[in-house]
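Right after this note come the structures.
First subunit A sits with subunit B, and in the next complex the same chain sits with subunit C.
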Partner chain A sequence: MYRYDEFDEKFVRERVAQFREQVQRRLDGSLTEAEFKPLRLMNGLYLQLHAYMLRVAIPYGVLSADQMRALADIADRYDRGYGHFTTRQNIQFNWPKLVDTPELLDALADVQMHAIQTSGNCIRNVTSDPLAGVAADEVEDPRPTAELLRQWSSLHPEFSYLPRKFKIAVSGSPNDRTAVFFHDVGLRIVRSQSGEVGYQVIVGGGQGRTPVIGAVLRDFLPKGELLGYLEALMRVYNLHGRRDNKYKARIKILVRALGVEAFRSEVDAAYAAAPGPSFELEREELARIAAYFEAPRLPDRENVVGLSCVVRAKDPRFLRWLGRNCSTHKVDGYSAVTVTLKRVGGEPGDASSSAMRTLAALADEYSQSELRVTHEQNIVLPHVASRRLYSLWQELEGAGLGDGNRGLITDIIACPGQDYCALATARAIPVAQGIAASFAAPQDQEDIGPLSIKISGCINACGHHHVGHIGILGLEKGGQEFYQVTLGGDATETPAIGERAGPGFSSSEIVGAVERLVARYREQREGNETFLETYRRVGLKSFRESLYAADT
Partner chain B sequence: MQLIRDGRFVCDRWIRIGAETASEGGDSNPAAGCEPADDGRPTLVRGSEIGFDLDPDTPMDRMRHLAKHAALLVVRFPSPTDGRGFSVARTLRDSGFGGELRASGPLIADQYDFLLRSGFDSVEIPRALAKRQPEKFWRDGMNGLGDTYQPRDAEHRAILRRRHATTLGSTERTHAGGESLP
Partner chain C sequence: MKSEPMHAAFVPQVLTANSLRDGHVVFLDRHGGWAPRLCDAAVARDEAAVQALMDLLQGAAAQAVEPYLLAVLKQANGSWQPVEMRERRRVQGPSVGPQASTHGACALAT
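Moving on, here comes the complex of A and B:
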């Protein structure tokens, strides 16, 4: 994985020193709160419902075991023993005190981590595929590009005071695991007809109040032109994006207002007018970074024995986990293992400091000291020898992390909702817990198969409900929470925004509503059809009938 | 307004003429001098040199046109978070403007480094703000970010150039030894 050199190290240390001094000036009054706000946001510090919250970047989702342990220590020292993994490959800590944050940032810098640009109206932490460098379907590892973008966007002189936040995702595989169609800019590494590797550029996707599927801006952008082209694109947005209304300030609104064609000509004109990007040596730097991401040398031999030892294990819980949570690895005899942070009764994405330490130790023991964080709020151990899967699973099981439910109905994404978030209109976590409890039986989950439920506590859609096969949006009317259901959303390379099913449900009705949807799917499915496939075939109407059957 | 150049509070030699010009035309609004003129007449003079105030939403073609005649361009920042001026500066510099580029508005010292790296030479801020943000803040803010990944106008602080110094050095040697440069 990438390691800071002296320059990166110094850069991050200087940010901490600078923030320490800014906090001091805020405390002594030479900075007003209004002036301080963009500065603290650029260092990941939010003012939440009850206290501050610090959001730490996990660039493109890659973590070392040592970094995970450092996060566990931070959770103990500054939070209440928990870290919350978000849907954008960040980890959040609640409750830090303003005066303590520089020290916390120091602790992060000690393990080459930071909170730079995890919030504020700037280019945010760049996200990528949690199976990068592992997945067999990859055209090219997306992490070097993501790291290049991290450096290029860090304290960019021109793009640090944008109309609104700006999120970039990079995918290296035709099968999209990074939701590239739902980012301000999505990059897909593709191969041209002549075999050259470059980027497909997608712009203007997003969720929030106005969900939009991104449009293809450039079908093929040669390598070496990436940063120059992105600067032209960002320049058009920075100059023309709306600043009068923060709900209309994202690039998707600008692209929609101009139309993709007109937006494309603006970008092309800006690209032609610029002498070159502000970041030099793009190709050289990309090559330098790529060297850090060479596939880890996996000790060969015995592993070809692989699964045969494993399959002798008869434990049905293990077999379920093996089927659901283990993915094939580029290298024969290895697997990438997903650990779902979705215990029934737990909070989606939350990890206790002891769970974090367990995962770090398991990464040391089984996965070359490496972990990944997914936008599904789960953790991946990317390089596990297949013959050791059973013993890994036993250890996970012992720590309460052995659920084989990846991608199943209990692998729910939920934002913090009213339990933590100042903007929430309803609770999200208890709904996730209610649904998980209702479908707790593993055979049931297996029978239902792949089904993604995503829950947001308000219209800002941090829980990505628009792209859930079943999306749930918590709202409020007359002091009562109610939940709107959308159906058929899809965050992958066949993107779709969920359709509104009809009137909302109260907090006591919502779990029953999901049960009726699942029952309808089981009646209607043909052969091995998944929920989404059935939905696409039979349409909204049939599911709507099941939802509102009780009323009619 | 307080003018800041090279990290110091300095006197402004430029004279705003917008107000007088406007009153000749029958408009006696004293604030007119701070508004960008849209009639093509300069709003600032220094000896025989002229300058213009630019609003960030002035069309780019018009900005480039004014830039041809100006020794000073003042880009207005309506608020510290309205970052259009950064792109205005970059675009003007890219199109070859070599005169003084000034940022004007309620900007803070923490933004100084961003302003300089975008191509500005000077900043002017309201007097009241200059009281809270004295000269020392601006001196510290001048290279406040230390080394950066985007070099452009600050060679010695350019991480990439130093990181690849060996590679670059060898390319240069190759060129020097060859017959012709591309």
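Moving on, here comes the complex of A and C:
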């Protein structure tokens, strides 16, 4: 894993010391809220519906077991015993007190973590593939690039006051697990026809009130040119992005207004005008960083023999988990294990301090002390010897974390919604709970197969409803919650924005509406077709009829 | 026939904010202090009373963040409840999870 150097360490500590003084001056009245608010936001501290909320960055989703334990300790000491993993691989604490925040930030700094650039109009936490360095389909590990971007974007003076926030994701595999087409900039590590490794650059994707699939800006950007090219791109955005209207300030609006061709020409011109980028320096720096991400030396004795003893276990819950939650590792005899934080009756993405400690202990015991956070609000143990999967699962099951539901109908993404968020127009978590309860039977989930339901509690779309196979958007109408349904969204390398199905549903109707959609899928599917495949074949009309059958 | 000009009925108001030190939802009480429960809030039933609340706020503003007036309605049981759905949730606390309704139980009692 990447380790802070002396500069990083000193910088983070200094920021905490500064913030401690700022908090003190706020408490004694020397600073007004108007003066203090931008300072607290620069340190990740929001004010939400019921309390302050601290958003902590987990760069590209990578956590050590020690860091996870520190998060558990923070949850107990400064919060109310739990945290919320977000769709941007961050963790949020819902109840920190302002007076405790400096101490909390020091506790984070003890494990090389911070909350810098988790708010504001800057480049936010760079996200990546939770299977980075592990996935069998990987062209190259995306983490060194993500770390390079983290270093480059941290406090970059030119990019600290952008027109609006800016989100970057890096994927190293053809199968996308980062929603790369729905970021301000998405980078896909690709191999050219001549075998050279470089980047496909995607720009102007996003969700929110204006969902857009990112456009390919460069098919192949050679390594060594990344920072120079991105600097040019950011410069164009910084100059021409709209600052007069918050809702039109994201880069997707600029790209759309100019057209991709014109935007590309602007970037090319800015790139040509910039002082020559130091290709060699970037390559050297990337190589230096990559050394931190060398694959752990996994004992190679544990190979295929191991797996057969795993398969001998007959527990159907285990076999389901084995089939759904275990991914192929690039090293033979190993698996990457997803632990879903989607227990039926629970809150999507929430983890109690005891669950965090269990996961940390299991990471020590089974996964080289390493964990990953996924944008689907789950946790990955990336390096598990396959012959030990049954034993790991038994421990997970004992802690209530053994559900084999990854990618199934109960693996729902939901934002905090109006249970926590000041911006929300409706609740999201109870809808997720209602759907999960309706489809709680494992056989039922297994029969339905891959189906992603994503729920947002407002138009800002933190719950990624636009890219859910079934998307649910919570709004308020006439003083009541109501929920709009979109269908056919896809966050992966075959991106699609869901289509609005029709009029919305009340909170008491929405679970039934999902049940009707699933029933229609079961009627219509052919062979092993997934929900999305069936939807793409038969189209919106048939599903719409099932939704509004009672009205026609 | 000439009718009297219509006046919209006055909607009672309370002053709410988040506590500066811990961020929790608070309400201005009649003594100019911040109370954690809506039932302890000073309710302004006319414009003059709203002005009195704003005057009280002067002395209490330093301990609170982003104060604002909140419209409330009297319920059949005599308690006050915010008019807006969002504000009712804010008063009641999360409806799910470990913190469900921790400060909601008493929030609406008079």
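In the analysis below, the second predicted complex is superposed on the first by the 533 of 552 C-alpha atoms of A that agree within 3 Å, B and C clash if a C-alpha of one lies under 4 Å from a C-alpha of the other, contacts with A are read in each partner's own complex, and residues count from 1 in each chain.
Here, a residue touches a chain if its C-beta (ideal position, glycine included) is under 8 Å from a C-beta of that chain, and two chains touch if they have at least 3 such contacts.
In this text the structure is predicted, and so the values were computed from the model without any measurement.
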item: Touched partner set for A:Ser160, first subunit B, second subunit C, both or neither; value: first
item: Subunit B versus subunit C as contact partner of A:Asn43, first or second or both or neither; value: neither
item: Partner chain(s) touched by A:Ser30 [first = subunit B, second = subunit C, both, neither]; value: first
item: Touched partner set for A:Asn405, first subunit B, second subunit C, both or neither; value: neither
item: Subunit B versus subunit C as contact partner of A:Asn90, first or second or both or neither; value: neither
item: Contacts of A:Glu284 with subunit B and subunit C, given as first, second, both or neither; value: first
item: Partner chain(s) touched by A:Asp350 [first = subunit B, second = subunit C, both, neither]; value: second
item: Footprint overlap on subunit A, where subunit B in one structure and subunit C in the other make contact; value: none
item: Of all residues in subunit A, those that touch subunit C in their complex; value: 26-27, 29, 33, 47-52, 80-82, 94-99, 347, 350, 352, 418-420, 424-425, 427, 429-430, 433, 476, 479-481
item: In the complex with subunit B, residue positions of subunit A that touch it; value: 5, 7-8, 10-11, 14, 18, 22, 30-32, 35, 38-39, 121, 151-152, 154-163, 235, 238-239, 243, 273-275, 278-281, 284-285, 288
item: Of subunit B, residues touching subunit A in the complex; value: 56, 60, 80-84, 86-88, 90-91, 94-95, 108, 110-111, 113-118, 132-133, 137, 144-152, 158-164, 167-168
item: Interfacial residue positions of subunit C with respect to subunit A in the complex; value: 18, 20-25, 62, 65-66, 84-86, 89-90, 93-99
